[in-house]
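For reference, the structures are reproduced in the following blocks.
After this come two complexes, each holding subunit A, first together with subunit B and then together with subunit C.
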Partner chain A sequence: MSFTTFRFLCFFAAVLAAHFALPRRARPWMLLCASLVFYAAAGLPGLLWLAGLSLAGFLAARSISRQQAAGKSGRLPLVLGVGLHLGLLFLLKYFNFFAGGLLGAGAPVLSLAVPAGLSFFVFMAVGYLTDVYRGICPAEENYGRYLGWLCFFPHILQGPIDRYADTASALFAGNVFEERRFLRGLWRILWGFFQKLVIADRLGILVAGVWAEPESFAGWRVAAAVVCYALQIYADFAGYTDIALGAAEIFGIRLAENFDTPYFSRSVPEFWRRWHMTLGAWFKDYLFFPLQRSRLFRKFGKAIKARFSKTAAKNLPAALALAAVWLFTGLWHGARLTYVAWGIYYGVLIILSMFCEPLMARLRPKKENALWDAFRTVRTFALVCLGYVLFRSATLAEAGVILSRILTAPFAAGNGFSAAGLVRTDLYILVPALLLRLAVSLCHAKGIDLREKVMARALPLRWGIALVLLFSVIIFGVYGPGYDAASFIYFEF
Partner chain B sequence: MDRNEVYERLNAVFREVFDDENLTVQDATTAADVEDWDSLSHITLIAAVEDEFDISFDMKTVVGLKCVGDMVDAILREL
Partner chain C sequence: MMKKTRFLLRIAAFFLLFCLLLYGADRLLVDRSAAPRTESFYAEPEDSIDVLLIGSSRIMCGVYPLLLWEKYGIAAFDCAGSAQVIAQSYFQLKDALNYQSPRLVVVDVSTVANGNVYTGVESFVHTQLDHMRSPLVRLSAIFTLVPKKDRVEYLFPIVKYHTRWSEVRAEDFDQPADICRGAVVYTGFSEKEEVLPPELIARSVAGELHDIPELYLRKTVELCRKHGAEVLFVNLPCVRDAEFQRAYNAVDALAEELGVPYINYLYEDSLGLDYEREMFDTAHLNSAGAEKLTAALGAYIRENYDIPDRRGDAAYARWHADLADFRQKYY
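And then the complex of A and B:
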């Protein structure tokens, strides 16, 4: 059930009413039932996979806990639990990709549907098992509570990739209704809808039109479409996240933030600390750190130090760990060569920036310099856009056509944007909407909590803002035939 | 070893890892306050602290450190 459907709005209103009408003790269980209904709407086979995997995860965590209480390490149930989750993810999502790549046309084909949100809830479950093993959180003793956390409807389909230790207690508290929380959540939900339906889906028309026939547009228009895709994917994913976080906030549950004005970043590593933050944090805590701290990597570092230098001993193991992280980050997004290439692209950029850091430190102005910072921000955005050419394209050949059109025919004669399906009225809506989005980002970057500011105002203004947002979404959103408002970009991951 | 002695040695480690002779850290110092303190340098810092104090942090400590105060607590626990 996508957030941008009338069915979801009815579902959410019913869950909200039922949640606050029930006694506090019953509320978490009502949320569990609602989440299962929400997930079942994406397909019953998916629900069966979820039930089976969550039971396995629950039992593995209990076994880790029991073994550790008996003085053992608990490593075996951890390995089995994590292996089962990742093995199933591989089987359902990547088997055909790898089998086809290795064996060619004669490869066996597995025709099992991938459960919705599989990559997200598998990562949450693996994080939970690892945290239990590390002693960061206790193993949950009640299967219903574990399932209730894992399948909580705001985060199961597209994240954020939550940590059990951060959200479980609030989820089971059965929080009371608060006008302040309700309004803050509602504004965030409406702002999410605004970003998705007014900005992302409108930009999506232009992007899809140009990507379908790049050779019929001048290179600069293709480049503009790449920039539009950067804005589209941000509005789409941040919009989804705002709806998810706003919905959870109304129930008194704080989910993890996923974005921190990423396009203001001054370097690629910084961009990845501010974009899809829960995925980056997951790879850092559950892959990068364990690899770097492993006996093998430490031995490797010591050997490098003995033969070469301290700097090489620091950088080479880090480069290897980063290569693994970025290969898996690319693959996590899907079984497609362009995602793998996109992951490698970022791996190379980040490893290069690590090796070039001493040189960059010399070139960098000693004092703060706004011009230099602006240059770095624009350069980072350009590099991110270049990555999006791979990310948006279905094949490497398609990405090649997009790039070649930009580079070889920047001012060739060709169609206008109207041929891509974007009419003048769309521009009149898009430009102010994007400026509003920019203003909100600037406030966020300056540490201004806009919702707190509005909350301090009189009651009619507080509700008035919600109404203005609601009507803006209804009037300016993209709903016409031919546009699939139901699909979020990150839904396919 | 008391907290002050730990800080004396810890500040020297921070200065070397982040190549900043003027750097001084306190309980409330976080990664956001120190330029270049990212996940890459975090691992280097952890290894340097372990070498300096001849201790070994577990993964719970490595991923759970929120500020320098947490690090000092962890060092004192391990000593």
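And then the complex of A and C:
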């Protein structure tokens, strides 16, 4: 059930009404039932996988906890639990990709449907098991509560990849209703819809049109489409996240933030600290640090130190861990060579920036310099856009065509954007909408909480803003017959 | 408790305002190209129409109420719609009966060969449903006629029409009133098809009626009788193959069973229709053919039903003026 369907709106209204009509004790269970219904709408086999995996995760966590209480390490149930989750993720999402790559055309093909949101909830479950093992959070004693957290409908399909320790207690508190929270949540949901339906799906028309026939457009138009894709994917994913976080906020649950004005970043590593933050944090906490602190890596560091230098001993193991992180980050997005190449691209950029840091520190102006900062922001954005050429393309050859068109025929004769499906009236909407998006980002970057500002205003304005947002989406949104009801881009991952 | 009540009141006010604005936006953005014709029906004084015509574009283009008025003083209105199947016509009639109490309902059965409740031509269904006035009939029509996946755009036409925000013009709301009483006039000939007289099969050769049109023909008769109206089935001249003709002939048995007269004009030689000159295309009569058919139908109605001649009635003075305009415009 996509957030942008009429069915979801009815579902959400019904869940909201039922939630606050029920006694507080019953509310978490109602949310569990609602989440199961929501997930079942994506297909019953997925629900069975979810039930089985969550039961295994629940039992593994309890086993870790019991073993640790008995003075043991709990490593075996951790390895089994994590192995089962990641093994299933591999089997359902990557088996055909690797088998095809290794064995060619004669490779066995597994024809099992991938459950919706698998990559997201597997990562949440693995995070939970590791946190239990590390003593960050206690093992949940009640399966229903664990399942209720894992399948909570705002985050199960596309994240954010939440931590049990951060969200579970609020989820089971049976929060009381607050008008202020309702309005804040409602504004955020509507802002999410605005980003998705007014901005992302409108930009998506142009992007899809150019990507379908890049040779028929001049290189500068193809480059503009790449920039539009950068804006599209941000509005799409941030829009989804705003709907998810706003919905959860109404129920009194704060989910983790996923974005912090990423396109204002001044370096690629900074971009990744501000884009899809919960995924970056997950890889940092559950892959990068464990790898770096592992016995193997420490040994490797010592060997480097003995043969080369102290700096090399610090940087080389880190580079190796980063390479692993970025290879897996690429793969996490899907079993496709372009994702792998995209992951490697970022791995190389980030490792290079680590090695070049001493040199860059010397080149950098000593004092704060707005012009230098602007240059760094534009440079980072350009590098991110270059990465999107790989990310958006279905094959490496397609990415090659896009790049070669940009580089070899920048001003060649070709079609206008209208041939890609974007008409003048779309621009009348897109330009102000993007400016509004930029203004909101600037406020966010300056630490201004816009919702608090509006909350301090008179009642008619508070509700009026909701109406304005609502009608902006209804009238200017891209939806209805004639349009392919574009699903969220991250739904595929 | 007070807080909760206050919030619920605010939510209710917000929802009410939202609904009002949504309705306003919906009416502002909806395609109004067919609105003058639909609105002219609702503009007729209540219970002023004696004969209602329902069905597809065949009767819409084949019978001109103003010519019925001219020759027989019959106050008729054509509520038919393009590609309207029998089930759709049933709901059209149901809506119309909320505003008029006709003595006779003429049902065009030309779509009886179509076994569906939904014509499939989405824009025509919108034309019918988007301007329908009775909310309950509209709702039941949507839930009966429209496939589940498409219902939202009929329940809330703004879902379909929201993209028209840049096309709306003041003139859309200031269109001249439709004076034809629902008829659509085709003059001349379509250049797309050559029309030759149909090769008729024997009238006794009939196929099986599809379940859905049969059901809705029965329901139509039942509805008319409930409202005290008589029913007449008609099939208008057209050039169709044997399969279609067998479907038209299948109505004979049903009409007999229901006790409803049925005129299949394919077999009415007395009409003297010149297919090559008096058809617009293979399905529709042009203005010359429609004049001939209207006269024949009017004569039948005058002879067989107790329909008053309203020509002397002062309440119908506007019909004379509209007829003059109609004659001047089309003949």
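By definition in this document, the second predicted complex is superposed on the first by the 489 of 493 C-alpha atoms of A that agree within 3 Å, B and C clash if a C-alpha of one lies under 4 Å from a C-alpha of the other, contacts with A are read in each partner's own complex, and residues count from 1 in each chain.
As a convention for this text, contacts are C-beta pairs under 8 Å (C-beta built on N, C-alpha and C of every residue); 3 or more make two chains touch, one makes a residue touch a chain.
Since we're looking at a predicted model, the values are computed, not measured.
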Exercise for the section: Specify the outcome, clash or fit, for subunit B and subunit C once both structures are aligned onto subunit A. Expected result: fit
Problem - First (subunit B), second (subunit C), both or neither touched by A:23 - result: neither
Problem - Which superposed partner A:365 touches (first subunit B, second subunit C, both, neither) - result: neither
Practice task
Have a look at where A:108 lands relative to subunit B and subunit C in the superposition and call it first, second, both or neither.
Solution key: neither
Practice task
Quick one: classify A:463 as touching subunit B (first), subunit C (second), both or neither.
Solution key: second
Fill in the blank from the handout: In degrees, rounded to a multiple of 10, the angle subunit B-subunit A-subunit C between CA centres equals 160
Practice task
Please work out whether A:273 is in contact with subunit B alone, subunit C alone, both, or neither, and reply first, second, both or neither.
Solution key: first
Exercise for the section: For A:136, select first, second, both or neither according to whether it touches subunit B, subunit C, the two together, or no partner. Expected result: first
Fill in the blank from the handout: Overlaying both structures gives a minimum C-alpha distance between subunit B and subunit C, in Å, of 38
Completion exercise
subunit A residues where the subunit B and subunit C footprints coincide none
Practice task
Note which residues of subunit A are touching subunit B in the complex, please.
Solution key: 134-136, 269, 273, 284-285, 288-290, 292-293, 314, 318, 322, 354, 357
Fill in the blank from the handout: Contacts from subunit A onto subunit C in the complex sit at residues 6, 177, 179, 182, 425, 428, 459, 463, 466-467, 470-471, 474-477, 479-482
Handout entry: In the complex with subunit A, residue positions of subunit B that touch it
Key = 36, 38-40, 43-44, 46, 58-60, 62-64
Completion exercise
The answer for subunit C against subunit A in the complex is residues 3-4, 7, 10, 14, 17-18, 21-22, 25, 29, 122, 150, 152-153, 158-160, 162-163, 165-166
